[in-house]
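Next, two complexes with chain A in common: one pairs it with chain B, the other with chain C.
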Partner chain A sequence: MFVILVYDINEKRVQKIHKICKKYLTPVQNSVFEGNITQATLRILKDELKEIMDENEDSVLIYKFRTKKYYDRESIGIKKPSHEDLFL
Partner chain B sequence: MKKAIYIFNDGQLKRKDNTLIFIKENEEKRVIPVNAVSEIHVFGELDLNKRVLEFLTSNKIPVYFYNYYGYYIGSYYPRDHLNSGMIILKQAQFYLKKEERMFLAKSFVYGAVANILKNLNYYKKSKEEYIKPFIEEIEEKSKEIDKKEDIPSLMALEGDIRKKYYEAFNVILNIGDFFFDKRTKRPPENPLNALISFGNSLIYTTILSQIYRTHLDPRIGYLHETNHRSFSLNLDLAEIFKPVIVDRVIFSLINKNQIQLKHFEEDIDFAYLNEKGKQIFIRAFEEKLNTTIKYKNLGKVSYRKLIRLECYKLYKHFFGEQIYQPFIANW
Partner chain C sequence: MFVILVYDINEKRVQKIHKICKKYLTPVQNSVFEGNITQATLRILKDELKEIMDENEDSVLIYKFRTKKYYDRESIGIKKPSHEDLFL
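Right, the complex of A and B next:
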């Protein structure tokens, strides 16, 4: 499954959340991640996030796509990394 | 889901914040999400330290190194996490019993030849008169597989068939820059040989990665001699998948004019792909591996997964549940 994850996190915790997300997904903007992930791995990621988040102050949104058929990413300005990059 | 990463730039691979980070020479940093990586292929000059290797081990990510020319030179293969003494004993048992070993070796050759013929038959539609003699000759030769009684003569026969098959490339390929005179390696002597060598390097490591995900031991092969130096089970399985994956990628890249002479190192007689060429090839190769086909009653399966299924078939064979039958493309 392809997901886009975005978050709004209190400054105190934002670093920690960022560190967790980048183990699983590709960082494409400040507080935006994207990538392919399995159901099971996504659950692990969510569990890790919940440990750190304060559910009264922070918010994380995950957009899930079953296939990438309906996804088209257009970028303007400087080129940011994509989860589809094969070469480094 | 997890994907292979190819590193072409020179730089440093580091462990940071419990994930991987690649720092290019120009200080540009790229975060590699460790949970989204299945294997790393290194073509550039890479600096890494033990801490990274430890981290790769715990995440079960093998690293494959290639030299300047794109030849496989070795791998960092994390300590076996799927460790099964049982399967090693079984594998050895089948290796030591001559008739069992011959059966498996012949199965691999049989699978290879069947897939080679599939490729040729595909092109028969448009080029019947040219390609028919090749098909007939290969079919004739393949009848001898059953009669062979030892590994060296079986290997020789397989080499013979492959030679004929490579000659047929001249008919299949539309573009004059790419032709086959004889198979040459180390170094390949023309662009087509360079493509074959590079493709084979990639398929060997791809299969190794898949074997690594099972309990099988890549050190014990059947058609290829088990020795003190190299992995050989992946070479065995590669025989079956080369025509299905590597050769088809080559045909389509050349016939669609996607790979051209400018993608080779000119100063050494076009014997090696340059960086751009390698990237074009890898992109097509990865695409092929991720293509899904309908397979038996398993629904859609990617070619990459198909390789793993081949390993499981060997499992079943070793444990006497089902006789091994090589994968044969059915289209």
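Right, the complex of A and C next:
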């Protein structure tokens, strides 16, 4: 399964969330990750996110596709450094 | 064509970018939009974005799919109000 994950997280927790996502997916923009992942691993990822997230303040959106057959990903503007590059 | 658009924009310009995206797509999270759009309209949208964006500071990512056949979109945490709701 191919997923695109986008988060909107309070800056107090964003570093931890970024680290968790990076274990399982590839960063493509600030707060955007993508990659192939199994249902079982995605469940682990979501459990780890929920442990850190404040579900009253934070938001994560996951698009799931059967295959990586989006025919294009287009980028305008800069390729932002990841949060990890900014903070660590 | 179905698209997912994610932006990462300096707050000085984010309201304008949000307004432009909202003319053509549906907001689903802070900084995430989706919807069906033609190639021609997408070109107009990109031109409008480029007029406002500082391409050295801002970033927009567009995933394009032939159809809206992602089989799931999952949301964890709050449904954030849009920038428009926050600022206008």
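Everything below uses one rule, namely that the second predicted complex is superposed on the first by the 73 of 88 C-alpha atoms of A that agree within 3 Å, B and C clash if a C-alpha of one lies under 4 Å from a C-alpha of the other, contacts with A are read in each partner's own complex, and residues count from 1 in each chain.
The rule is short, and it goes like this: a contact is a pair of C-beta atoms (placed from the backbone, for glycine too) under 8 Å apart; a residue touches a chain by one contact, two chains touch by 3 or more.
Not measured: the values here are computed from a predicted model.
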Touching partner for A:Arg66 - first (chain B), second (chain C), both, neither: second
Of the partners chain B and chain C, which touch A:Thr41 in the superposed model: first, second, both, neither? first
Chain A: partner with more touched residues, chain B or chain C: C
After superposition on the shared chain, which partner residues are touched by A:Tyr24: those of chain B (first), chain C (second), both, or neither? first
Hey, what residues of chain A end up touching chain B and chain C alike? none
Taking the complex as given, what residues does chain C use to touch chain A? 4, 6, 8, 28-32, 46, 49-50, 53-66, 69-80
Under the definition above, what is the set of chain A residues touching chain B in their complex? 19, 22-27, 35-38, 41, 81, 83, 86-88
Contacting residues of chain B [partner chain A, same complex]: 1, 3-9, 11, 17-19, 22, 24, 30-36, 279, 282-283, 286
